[in-house]
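Should a chain be cited, it is by its letter among A, B, C and D, assigned in written order, with residues numbered from 1 in that chain.
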Amino acid sequence: MPATSLCQDEACPPYSLMDDYSEGAHPQILEALLRTNSTQQVSYGGDAYSDEARQLIRNKINCTEDEADIFFVPSGTSANLISIASCLRPYEAVITLDSGHIACKEAGAIEATGHKLILVPAVDGKMTTTNLQKAIQQNQFFPHMAKPRLLYISNASETGTVYTKRELTNLSALCKQMNLLLLMDGARIGTAMCSKKNDMTFRDIFDLTDIFWIGGTKAGALMGEAIVVKKALSEGFVFHLKQHGALLAKGRIMGVQFMELFRSDLFFTLATHANAMAEKISANFEALGHHLVAETETNQVFVTMPQQLAQRLQNRFRFYIWDQLDDGQVVVRIVTSWATDELQVDKFNAWVAQWTAAAKEFTTN
Amino acid sequence: MPATSLCQDEACPPYSLMDDYSEGAHPQILEALLRTNSTQQVSYGGDAYSDEARQLIRNKINCTEDEADIFFVPSGTSANLISIASCLRPYEAVITLDSGHIACKEAGAIEATGHKLILVPAVDGKMTTTNLQKAIQQNQFFPHMAKPRLLYISNASETGTVYTKRELTNLSALCKQMNLLLLMDGARIGTAMCSKKNDMTFRDIFDLTDIFWIGGTKAGALMGEAIVVKKALSEGFVFHLKQHGALLAKGRIMGVQFMELFRSDLFFTLATHANAMAEKISANFEALGHHLVAETETNQVFVTMPQQLAQRLQNRFRFYIWDQLDDGQVVVRIVTSWATDELQVDKFNAWVAQWTAAAKEFTTN
Amino acid sequence: MPATSLCQDEACPPYSLMDDYSEGAHPQILEALLRTNSTQQVSYGGDAYSDEARQLIRNKINCTEDEADIFFVPSGTSANLISIASCLRPYEAVITLDSGHIACKEAGAIEATGHKLILVPAVDGKMTTTNLQKAIQQNQFFPHMAKPRLLYISNASETGTVYTKRELTNLSALCKQMNLLLLMDGARIGTAMCSKKNDMTFRDIFDLTDIFWIGGTKAGALMGEAIVVKKALSEGFVFHLKQHGALLAKGRIMGVQFMELFRSDLFFTLATHANAMAEKISANFEALGHHLVAETETNQVFVTMPQQLAQRLQNRFRFYIWDQLDDGQVVVRIVTSWATDELQVDKFNAWVAQWTAAAKEFTTN
Amino acid sequence: MPATSLCQDEACPPYSLMDDYSEGAHPQILEALLRTNSTQQVSYGGDAYSDEARQLIRNKINCTEDEADIFFVPSGTSANLISIASCLRPYEAVITLDSGHIACKEAGAIEATGHKLILVPAVDGKMTTTNLQKAIQQNQFFPHMAKPRLLYISNASETGTVYTKRELTNLSALCKQMNLLLLMDGARIGTAMCSKKNDMTFRDIFDLTDIFWIGGTKAGALMGEAIVVKKALSEGFVFHLKQHGALLAKGRIMGVQFMELFRSDLFFTLATHANAMAEKISANFEALGHHLVAETETNQVFVTMPQQLAQRLQNRFRFYIWDQLDDGQVVVRIVTSWATDELQVDKFNAWVAQWTAAAKEFTTN
């Protein structure tokens, strides 16, 4: 299979498998924005669409208005920093994986609100009760150490793995015992919920956490995340939105998008597609004998390959070199999304197969 | 003229003249989002549309890439807090009108970044050199007072007035002399530029300020503001965007919208419409003998009327009662926008005329 | 009376009536430091002297350990910023006089902890329920305005006046009704308690406030202030001390000093002396026909005089020119303290009398 | 040797070897406070004693007023947080050892000023260029990671080791190359300078760092640390002192103490004593076959011993159990100071010897 059969227009730019936010929004979402565009609405989140979206999300969670408040913010960093700042006192600290998004991808946003991060190593990309317990114990030197008060986890994790109900139940129980709040970053909660490994409902997650948020940006929306806050913690939350510039005048933009995502099962359909594309890529790598660094449970594939192979692939596809290993191998991250074109996935897999075979032949001879 | 001629469907909700963000986006902007939706783009503001929008804005300013950096953020509060936090040291303070948006409409966002506000009374809704000078003098008790370092003004002002070139030149000169930076909040800079009172170009504003921002939200966009930062102050600015949750993964959303606003003269056309609608309302009030609290220079009308008239109008139109006066009169704020329907303006004017006449008749008899 | 009779050594530097912290500590306090110096003590406030001082203060308040916690900090600014930061959520604001110490003498310390100040004009140097009510009402635009949550007052006030029991009772009742905490800055609470105008006990102040602090620096100590916090608000307070650098390793320094101040009535004896000296100066001004800007209720005298007289006095005495009036008059602030030498007060009064007489004679002729 | 020969009064409390701040101040310092107590001085650091102390310190450094500014603050945490906050922009981060004082003993004070800490493992209690380089490299993902901008180290280190001139020269060179500022925490710089391992002058340290501070609290003062700031960084520093409550009204207290410490060589004499006492304890442990966890280079001894021995010693002496090892052994920290009584050191050594012998006999039999 010659290269030309894969990309007939030689000038075509590399196809991006870099992240899950390279495209705009799912067409249905744009149509919803068009459809609702001309009505006059109350500003700052008081619009009918945001109300409707909040109710639809509550329905999915199977919770009442008395149990949870829901707030829309424009970005994941907003969701994290506002959630954390809203429920900690100034001397309280956050426990997070050292690979946590707030620890290494948000430019110090949490510290900028005044709070210390306590870093814990990951196991399969996840927080374990053992490591959590140890971190709590090591931060008890009163009053010289900031007081651990909130556990931050992501589901799916930074390496695409998902928490099982047992794992989250255990973490949640330990948090309650140690007086820690539990915040789940759900930037990719859609793919987590649609993972074959998942055994939790939204209600489970709601019950086992204090705050969790549902990512829209990586799930087919233009932007926007929905923060679900237990009633006991939601007083004054809107002030935080406003104070951090996250309370949009036209709150309807986020309301309409979440309304559309949850009106039917669009949110889940899109995540399921993303996962399926990743699985296809992952299966191909495994079949060809490449080593997966993390199990492919959602829409991210972490795979080891020779640097040379990665470079050749990068002529056709855009993706991150995640790590440089000592032996000339690299770890590559492939991310699929609601928008990933299956034809491109097939091409990607074909190229991987072709070049892997060529490399083997070369090595053998 | 019976009421039914104004609103034939008795059940129709009041028409909003409450603010300039009650509707979605101008249709051309939505079309641009649709048109560009499926291309793959670099994330976090590195997309081709944001680049194009930045160049178009620079063209309007008539400045080069070496002179100014441009950043897109989702909200006006973001624009203000990031601009201010990015160029002040921790002990430096901001001078603002006591009616300034940062002083009374942003839930303490500036203080939340650690900076003191020094409040100054307005004259015609604007900062004067006299009042600025006085504020600087009164805050010099070293090191017991935070050091004045930045002047914040809005154009159009909170009461809809605009700065003349002479006024801004004088403020700018005083700032330079006293070592103050000058930030212009341009949430409504479109209507300011299109005001009949305006005698400045974007280049003038660029030259006379250190940072200014161009509001998209109130100018026909779904959301988004473009911050124009003089090169000398822009180092590290992107970190601030990220740290405050304002660096959207799909930066294209704002890029596309500003591209569309500035590709042709849409930005100015829409602002001109808003101003025209306000002028029509304002002229009617004046013709009927109502007192304007501030001259109507842009898209806001501040008018005094009997409480009873305001209440009757509120059955048909939504707007803010801005102030309660002692004599049973109220100050009403009417805001028009790119989306304001001229038919509704005519109805509004007709109702005002009818009820004003009725009231006079009643009073006379 | 020739000048030489007042200062026989022509080279003697001007005597300072500038503030109440120009000297070191009262000798008894230094002796107590010497006496206790060599014992080994638990660090960071756990020493026996701090315990003893806390108990002595509780005795003066007539409250139990279950009612109040007491913390020592090195400075008044520490006391204010820690007290405020410890009990506010990030979006909550402080109401203060515009002449309040936190508003204009602490370099933005409160804003640096993230909190907005809402400024209110003073009446006789004090907060009134009318002005407080108005400030609360004007800051209710949810969620665009930071939420008023704490009233900050100083007793004695910045102009040396004191709150009566009725005044404080009314403010306290309004605070409770409006869900505001009440913090009293007691940098000069000693002179307030010893004022002839005072009709409150420490127990009254404790009952009517949520936090108040007892100033040591201006009351004869080397440094140190004692913050009295109602039990309901004291959880986690020590973390704040530590986080802001106010938890001294050798907490004993402050413990010993407050122990000495409250072991007998030294604290009150010293304040009484300061007040008596101010009264003497004040009475002389009045007798000579000078206008007092504020009634002299504690250890500060604010008096109007011709600029020329102020300048002549400044050759012999150091004090602040507090304000420049339009008519060539100035407002002068004279501060006395526990250390003020009565002989110097007599000289000061004599000079004032002599020069006032000379000026009158000159004017008459 | 029976126990009674060591402590004849059975009721005598355990002697503290817990830290270097259990006693008050060196008697000469108290005498200086007494001697200078009654003069009137300018407040807030403008007093003659502070001026004199600053000059004496500059003399020791051998630098001019044009090269360095010196500021006195009440605590080490103040010194660190003010130094760091004064020279970083909001998105800039601090690199520190994970055992650094700011990382685990200051209750999140640095994060409370908004800055992220990047943690690096120690080698012999110290930062190495290798680990520093790695940390810088791992924090370059623009703009998703806070920007490394300042290296924080302590000399002596947290485990009592000292930096050699070669080590500090290399760190300093790497900092310059990577555009990092270098801050040295000198809480125990006295014992570092007096260590037998030290090969640096104050001038060396001044040249190789941007800011360093000289600890008074642990060096015989009641309280107070002197921050030495290179001229290029000192603008506005006083505002930071004020804003964080560290600018004492009676700045003379710190001025007098540092004047006394540096008037003669008291500062060094006291540190030399502390080191000698630690060396004596350390040598005894080694002679008896106990394992030192860190080399005893200053006034701290970290030694491994059976838990049982530690417990017996704790009946007579107070010290920290620093770590619990897996095999029933513990790591004990012994700290000596300017005030440590050599007689008590001899007793301590004798008890260690007696019980070590007893334990060996027991084990042998």
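Observations, loosely collected:
Throughout what follows, contacts are C-beta pairs under 8 Å (C-beta built on N, C-alpha and C of every residue); 3 or more make two chains touch, one makes a residue touch a chain.
For clarity, every value in this text was computed on a predicted model and none was experimentally measured.
Chains touching both subunit A and subunit C: B, D. The interface with the greater number of C-beta contacts, when A-D is set against C-D, is C-D. In whole angstrom, the spacing between the mean C-alpha positions of subunit A and subunit D is 43. As a whole-number value, the distance joining the C-alpha centres of subunit B and subunit D reads 53 Å. Subunit C and subunit D, compared by their mean Cα positions, are separated by 35 Å. Of all residues in subunit B, those touching 2 or more other chains are 90-91, 106-108, 112-114, 143-144, 146, 239, 242-243, 247, listed in ascending order.
Taken as a contact graph, the chains are fully connected, with every chain touching every other chain. Residues 13, 15-16, 18-19, 21-25, 27, 30, 33-34, 36-43, 73-82, 106-109, 112, 217-218, 222-223, 239, 242-250, 252-253, 339 of subunit B are the ones that touch subunit A when the two sit in their complex. The touching residues of subunit A, when paired with subunit C in their complex, are 44, 85-86, 89-91, 113-114, 142-144, 146-147, 236, 238-243, 247.
Interface of subunit B with subunit C (complex): residues 90-91, 93, 104-108, 111-117, 119, 139, 141, 143-146.
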